[in-house]
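Take a look at the structures below.
Next, two complexes with chain A in common: one pairs it with chain B, the other with chain C.
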Partner chain A sequence: MTTVALTLVLLVGAYLVAVLEGWTATGRFRPAAPLVAGLALFGRESLVPRRADRILFETAPVLLLVSAVLAAAVLPLAPDLVVVDLATGALFVNAAWAYVMVALVMAGWGPNGAYAMVAGWRFLGQLVAYAMLIVMPIATVGMRAESLAMTAIVRSQESWWNAATQPLGFVLFLLAAMAVAFLPPFDLPTAPGELAEGVAGEYTGVRLAVFRLARLVLVVTLAAAVAVFYLGGWLGPGLPPWVWSAVKTLAVAAAMLGAGRFVPRIRTEHLLEWTWKLGIPLALMNILWVALTLWLGDR
Partner chain B sequence: MTVSGPRLGISTWPRRLLAWALARDLPAFVVPDTRLARSAGLDLEAAGLRPVATPRHATVLIVVGEVPPGLAAAAGVAYAQMPRPRTILAVGAAPILGLPPPDATTTLDQAGLMAGVARLRRQLAEGAFATEAPVLDLAAARTRTEFVCPMHPEVVRNEPGSCPVCGMDLVPREAAGAMARHDHAGIVPAMAHASGAAAGTEEDAAKRTYTCPMHPAVVQSGPGRCPICGMHLVPMGRADDPPQQALSRRSGPDSGDGTGSSGDRAREEPAGTVDDGHAGPAEQADQHAGQDALAVGVAGDQPAGQPAGRHGAAMRAARPGTMMDHRSHVDSGMDHGAHDAPASSTAHPAVGHDSSNHAPMGGAGHLVAMDPADPARMTIPRTAEDGSGHRSPDHRTPMDHTATGPQGMDQGPMDHGAMESGGVDHGTMDHSPPGGGFMSMVAMTEALPRSPDGLPMEWVEIPFGPLFAGLPGGLALSFTLDGDGVARATVGTGTTARGQRRGWPGPAETFPDRLARLDPLAPVAYRLLAQRALEAVAGVVVDEPTARRRVRAAEWERVGSHLGWLAEFASLIGATWLARRSAQLQLAVVRAKDEDDARLAAEIRGFVRAGARLPLLHRRLVGIGGTGLDLADRLRGPVARAAGIEVDARTDDPAYRGLGFGTSLDSGGDALARLRVRLAEIVASLDLLLAAGAAAAPNAPPVPSGLLGSAEAMVETPRGAARLRLTLERGAVIDAHVDPPSAGHIVLIPGLVEGREVADALVAIASLDLSPWEVDR
Partner chain C sequence: MIWQPLAVAFFGGIAVWFGVAVFRTRSMVRSALSLLASMAAIGGMFLAMEAEFLGVLQLMMMATEMAIMAVFMVMYMMDPGGLGQMDMSHQKRSSLAAGALGGLAALGVALLVDWGPIAPAAPTAGEQTRALGIEMMTRSLMIFETAAVTILVAMIAAVAVAIGRRR
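Right after this comes the complex of A and B.
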């Protein structure tokens, strides 16, 4: 029952994020647009490119969806509203998101199209950039909670949210989350103006609908993870816990969607340079900072 | 009510719901590009259309204005790539050859567009699903199979056989088919060497220099074997070509097909890609009897599990899953196959999974060109500096394994190992595995030139145009990508050829209007150019109110043009707010009733200030797209001024001088400088408009009759100075020669992009603000 409810919540969340995305992209708030667009996608035929690698081509959108849903399975909406409260939940989400890369590289190679291929490779470079920055901040929130279970991490923030005590990790994790979801300015694999929609360019009809849904669910899970790790999850006065979770998730999603509109797409070389030369040292400093504060706090 | 490309099926109530949704959500692929649509005053989003970057995601193919035959062919291919149901909306266009009849044809204005969209919606809601679908058979989308040697791409035959050079079996490959290709005359002359020369045939083979992949010191003028190791020699460039040109040349028939047919095919598979023994030709054979495509060994090449032949294709194409399709595809297997044939050639060029599209193996290892004067010296490609440590600033250093650092280190041992495992050793004759089928990536890339990052990747030739979303519509580019970097680039502009020049001779009174049609992006400037030339012939000097009026018109057009360029450029680099806002402002400028809209001017100024301060814009653009100093004399307009070269045709104009005109300069010569210069010019134009003041619009002075003589005139179009040389006799134009700025800039493209990552290459090209229309060749 919890699973069904949470799946519905996930879908509703994806829909709301789709509305938000349309709002940030076009400046108009149109609540029915994702529904109409989704129906229209079902109405269009789903073409398979000639000489496509059929297995990769078909699997990629589904794998993207699976990876996002797996990550969502361990994210708690409320203390009792979580599909699986894994003891290593914080690590598990990272493992689930690793399949985003697999899916996008499949989507790049599968269609046998040059633009998709280049876009898929770019995402490989992007993975090398964000991989450390996704994991290292998780280590610090786990340090504070002395556990990797999501519910424990939220409970550890009852006094102060992690965003306040670990601001560096918060910023890094937020940026890395945008890179995982390939949102602008990290939308290298689906660059609309540069590579004619990149990995998504060869998908049409139902397969494109699955791809788009998968990406929305991914954004939802990443936003939810940011809320759980850094913004206190369900903690908050007054409203029921799940409302707080939802509000925080949507706020983070809006921030992730809106921030990139004003900045040009990042160059691959800059992305790798900044994450490795600046991001990782900052993440290490964050770990040191958190360790110091925790140690001093204990004393 | 029907649409031109309905989806097959009986219209049940769930499908009517889907049809309603299809009618409401209208992603549109714009031909030739959105900038032209906006400069015609069309607001696509307000009409309910949503421009998309690929025809695969589009329902509507919207054709704006008059489409030249080359672009019509590309539009036809784009249409074939759209998933059904698909429609065509022709806005202000004459009947388009090469496309099915449009579903709606309207006038070239917003009201017409809205009416057309409303009609399309009705048609889609009723006719999205139909029991019969017309078979799409476009000449431009037809392909045929040719046979090529994997090792020697210049060897091309129409039937299977063996390669005369090395004896390998020829592998099938798809190429542009029945439609006559644009010949090399369609390419800017400076590029001719790149395509014409390298389109080698056997006759050409004898004229080339040949070298041994293992021993670059061995050079001879015809094919043969290396006296040292006995390997077959591989061709290099022509003996009289300097190494740099040998570099920008493309290999084999790919060049001919790629350049020519990139005009034909929007984003078809380039000629140099996959062998296609599969359903493609099999399906096509059903439609095009007599094609020798069936001669291809279909069965042998099929991977296991994929049913060959038409039914296989039909089943693949008809997507299982939605129950709606099961009923339809049984009786329409043919149709699915039929439209799948051109459609399933990917919107985006295919990458060969086999060896047939790699660049010829010239030189040993990472060596790329022989210096014919001194065979012991090798050169590395001239690449743009981007801060990567691998680039050697002196591009004529002799390459040896120790001097090139990481490149050298992983080349040395790896090469020998690779060669061994690839089956190349000193005694045997060829590197190919038996049967000519599969080659390992290591073996395939062993002799390729290395890109500056040292990573050996297969070379793939990919068209980027003429309907590519980030580039000006009509610019047919072809990149040879080495991984994600551009190894070579060639340009073709035949797609915008409209034969305008033929219409220029004629009465002098109508000549300005005829010249204005040359470039739909800058009609005012070209009309002014014609008027000036006529006045120069007549020896007439216009009075001040007329001169001021002209300044206002020209500057208003400049503001609109730069805003339009900025919208496309910003959408290329992904700065969506910048793109959206400048598109809105461009539309407002185009639609403004008069040039004195103070509020609009204030908005534009505010936007320019905000845009220049966009975060990270500097980092994104700095250092990209710089041309060398030796090309400085080819630069014009904002491109030249961004490099610090102070050339502007307006400085010689007394009307401008009287209004206090000053050129906008920047140093840097890169994409960032060009952006800054254009932003500064927008503000400068607004200042000029303010200084010129609101003037009553006098009638254009009448052209004196019976003019005789010839004269030259120059005008600063938004892209640079355009020159016109006009000869008149008895009041009629008998000869007119236009030198547009884009002609000089297009030639710069290969040098600008080679060695760049593909996104940076596109930014560099877009920063030039080219107009393929004014080249019109």
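Right after this comes the complex of A and C.
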């Protein structure tokens, strides 16, 4: 029952994110556009490039979808609306997101295309940039909850949201989440206008439909994760818990999609410089800050 | 509980299968990703043995590690795509011998070491995480730190070799 509910939530969420993305990208609100575009993809021929590495080419879109769905499986939308409440949930989402990179490297290498390959390796560089900024803020969230279970992390925010007590971690995690989902300005592996859609460039028809759906689901899970880790998840007055989760997730998704439209795409080496020279020291400071506040709070 | 040993055997079989596949392909990327699949299957074995933290950690770490290894393999090998039908293996006899010896040593350790009494049931996932954390911060601290610094040095050396001499 929970699984069915979660699948529906993910599909509706992916649709809403697609509408939002279209709105922020083009400035026009077209609620039917994602459905029409999705159906059109199913009607088109799905080509396989010449001398492609067929196994990697076919696996990549499916693996991307699987990793996004697996991450969603541990995210609680309400106290009882979670597929598996793992004791290591906060680590598990990381594990699931790690395969996003594997899928993109496969999609880059598989089709035997120059642009795709450049894009795939680029995303690996992007992982080197964002990985620490995903893990370190999650560590501090776990420190406050004294648990890696997602439901415990939400319950630890009953007095104050983590976004209020660890603002630095919140900002770093939000930016890193945008980099995981390769949203602008971190859209290096697709880079429209430069790499001609990069990793997705050689995909057409049904395979492209799966790839796009997977990316949308990924955005939904990342936004939901930001809500769970930093914005109190399902907690909130008046409304039912799942409504609060939905509202927060959509708000985060809108912020992620909207913010990127106002900044130019960042270059790989600049991204690595910023994340390693500024981001990681800030993330370490955040760990120290949270440790100190927790220690002083206990005394 | 017939399912538990079956699941362990299933993931073990997958791990061995992909482990063989690593050496059966000429494509460096396929080889690295086969190794990843093998390691991920070992993560599945951990999960099947109710070692939740170790299983999830294995799944997470190996994804990034193997992808980075793929970069180095593509960087250094002359025919990374394996399309040129070039034989990139060497020292086959000594590697066979080393492999056999390593396997025998692992088997010896598994059979000869006194593992102590078998626990009737696995501790809960939360307790395991806590116990691992305490182990990491006490007895195993030096081992992990030494390994980490060694790997870091190797990475810096590899990058330095790749960059070559600069003016």
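The working rule: the second predicted complex is superposed on the first by the 299 of 299 C-alpha atoms of A that agree within 3 Å, B and C clash if a C-alpha of one lies under 4 Å from a C-alpha of the other, contacts with A are read in each partner's own complex, and residues count from 1 in each chain.
Convention: a residue touches a chain if its C-beta (ideal position, glycine included) is under 8 Å from a C-beta of that chain, and two chains touch if they have at least 3 such contacts.
Not measured: the values here are computed from a predicted model.
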Quiz item: Who touches more of chain A, chain B or chain C?
Solution: B
Practice problem: Applying the touch criterion given at the start, work out whether A:Arg51 contacts chain B, chain C, both or neither, answering first, second, both or neither. | Solution: both
Exercise. Could you tell me if A:Trp121 is touching chain B, chain C, both of them or neither one (first, second, both, neither)?
Key: both
Quiz item: Is A:Lys277 contacted by the first partner chain B, the second partner chain C, both or neither?
Solution: neither
Quiz item: Is A:Leu86 contacted by the first partner chain B, the second partner chain C, both or neither?
Solution: second
Quiz item: With the two structures laid over each other on chain A, which partner does A:Ala131 touch: chain B (first), chain C (second), both, or neither?
Solution: second
Quiz item: Is A:Tyr99 in contact with chain B, with chain C, with both, or with neither (first, second, both, neither)?
Solution: second
Quiz prompt | First (chain B), second (chain C), both or neither touched by A:Ala40 | solution = first
Practice problem: Figure out whether A:Pro185 sits in contact with chain B (first) or chain C (second), or with both, or with neither. | Solution: first
Quiz item: Overlap of the chain B and chain C footprints on chain A, residue-wise?
Solution: 51, 53, 121
Quiz prompt | For the chain A and chain B complex, residues of the former touching the latter | solution = 25-27, 33, 36-40, 42-54, 111-118, 121-122, 184-185, 187, 191-197, 201-206, 208, 261-270
Quiz prompt | chain A-facing residues of chain B, complex | solution = 7, 15, 17-22, 24-25, 45, 52-54, 56-57, 59, 83-85, 128, 267, 274, 276, 278-280, 306, 316-317, 319, 321-322, 325, 340, 343-351, 353, 386, 388, 460, 462, 468-470, 481, 483-484, 570-578, 580, 614-617, 619-621, 757-760, 762
Quiz prompt | Touching residues (chain side chain C, partner chain A) in the complex | solution = 27, 29-30, 33, 36, 52-53, 56-57, 59-60, 63-64, 66-68, 70-71, 81, 83, 124-126, 129
Quiz prompt | Residues on chain A engaged by chain C in the complex (per definition of touch) | solution = 51, 53, 55-56, 86-88, 91-92, 94-95, 98-99, 101-102, 105-106, 109, 121, 124, 127-128, 131, 147-149
